[in-house]
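Below, each structure is written out as structure tokens.
Heads up, the next two complexes both have subunit A, just with different partners, subunit B and then subunit C.
So, the complex of A and B:
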């Protein structure tokens, strides 16, 4: 069977996938809210994917943060990013 | 790949304790809070959801090419883009559990994809696409609304806000244009009815076997979802039957006043005659039904092969689509 050649290095950017958290708000009154998480090989593609995947609203602000940059304070050592109050 | 863990490997006390916690409203946020059996059922549920989302891409694609006006093309393209986004969201969650998306999508044998019969046939044109949105997207939407409301795994429930926000547009789009084509001309009316005849029994089986046949009820015990198969089928019928009755479309289901519930006018399971594309309303055994499901619809393997084999970039434009 003919398959696409997937270059893992190009697809995921390294030996393991790199993740980004997506935050957005619809109006300047709204809190910046976690709306999802994406995988991308680099920052530029993370922007594109955030835009592509999370276009459910016309956001006033949309941004991505590398998941690795998040320092867990209440959920130390866990995968939890956002805990609802 | 998720594998079923042997029953005797479970610490029953811990499993029961978790069942009580989630039933009391506790929301799980992290893998370390899960028991092995919970992990198994939640990852299996997400895995099927991810495969269903990706399968819709090649299924809807022919109707994108056949859409009659620019507006229709934009609408179908937007729906396909939504579904791709949903697939990304689902596979992304699986990655937190050690799944490899590249492997799942591009290196897995197409027969291993866990798709449903409803989306194993191509939507050839725009009318078929709209009927599939009306019946099939609505079936999926019935499931995902229940999950968003009830799922005890927080990240999954939250991820469905976006999914459901977009699915309501697909269903609404289907409703609007099915009605339009029903009233447009005798020819389009005929096409709507033919497609409803084809898809109705498939969508009604989206929710799986009747509750009385269920042996594994982990999805409910661990509150991955809130409603049973039959309860979800009732919710779906409660939307589909009044809509079709109002428009005038014939469907093999009605509201039974004595039972106070919606009932099908046939006794499932029934089989699709794959030669004629018509349903044979003679009740068969569940073994025969499962065999048809296992075999899969005619488009399953070709569609997934295409997904895995199609070239992009310059090659994509050269190869075109057949």
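So, the complex of A and C:
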């Protein structure tokens, strides 16, 4: 049987996976906390997928941030960045 | 003062009831569209979104049906006692989706049209209905966002753009006919149940669709007045009864499973 070849761009939405980090808080006193990550081809679908997948609470605030927009200051296993002279 | 349907004259009460039936039944069939297409979702998160939208569409349907009990109907009759001739969903949802572009175009049109109709009740003197309208609006936001996300993807492919345009040209006039065909609904504005006339709602719908579909469809392809539909039933806002095959697909077979 010939297996169907997935046309990633047309069927899933992007030629390469795009990831988003999901942050939420339940009350205005709570800190905005990382609750998970999702893959979505664009911002609109990221918003929808975050809303439906991370529906474990009635959030006061829920937001998504493209993982690519996050600037790492320190990373596990690496030293704090220093300015080279 | 507590709102009561008894304060409405006969014609207004009938127009009110017809309008709510048309919205609720359209959402009933729309929920089935989502349910049937879950496995056509493009990925696991898509399945989750389609499943959630199925639940939301059924939830809106049942809340509106529950509200219709106030008109003297038995809930069991509303949900399971009507045959194909009694279901008042829009004609646009009669034919199944031909492809993914048609699915997105049609569900987007159905969400926009039903939301336009529901939004007229946001300031209804009956706070129960106004609250329900607000809740439907909050959930519809994500349903529309889902369609918009897929439209953005389809806009990058010439083949998908053509398929979307073809679907819009076929489905849009039927959505327009449903919204514009709400006879007597301006009595709802006069009675203060709605804060906007049906003519204005229809114009707002047309403007919203023209703008949202501009990436695929020329304005001229969408302009014009709603088509004349032979066999149009004013009270049901549709032409001809629901096709039997569709009725068999949507009806609840097991009353226990419906709750």
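Criterion: the second predicted complex is superposed on the first by the 64 of 85 C-alpha atoms of A that agree within 3 Å, B and C clash if a C-alpha of one lies under 4 Å from a C-alpha of the other, contacts with A are read in each partner's own complex, and residues count from 1 in each chain.
By our rule, a residue touches a chain if its C-beta (ideal position, glycine included) is under 8 Å from a C-beta of that chain, and two chains touch if they have at least 3 such contacts.
Just so we're clear, the structure is a prediction, and the values are computed from it rather than from any experiment.
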| item | value |
| --- | --- |
| Residue contacts on subunit A - larger count, subunit B or subunit C | B |
| Touching partner for A:68 - first (subunit B), second (subunit C), both, neither | neither |
| Partner chain in contact with A:17 - subunit B first, subunit C second, else both or neither | first |
| First, second, both or neither for A:37, with subunit B first and subunit C second | first |
| First, second, both or neither for A:56, with subunit B first and subunit C second | first |
| Partner chain(s) touched by A:45 [first = subunit B, second = subunit C, both, neither] | second |
| Intersection of subunit A interface sets (partners subunit B, subunit C) | 11-12, 38-39, 49, 52-53, 55 |
| Subunit C-touching residues of subunit A, taken from the complex the two chains share | 9-14, 38-45, 47-49, 51-53, 55 |
| Of all residues in subunit B, those that touch subunit A in their complex | 27, 29-32, 81, 85, 88-89, 92-93, 95-96, 101-102, 106-107, 154, 158-159, 162, 165-166, 305, 308-312 |
| List of subunit C residues in touch with subunit A within their complex | 42-43, 45, 48-49, 52, 142, 145-146, 148-150, 152-153, 156-157, 159-160 |
| Subunit B-touching residues of subunit A, taken from the complex the two chains share | 1-4, 6, 8, 11-12, 17, 19, 35-39, 49, 52-57, 75, 78-80, 82-84 |
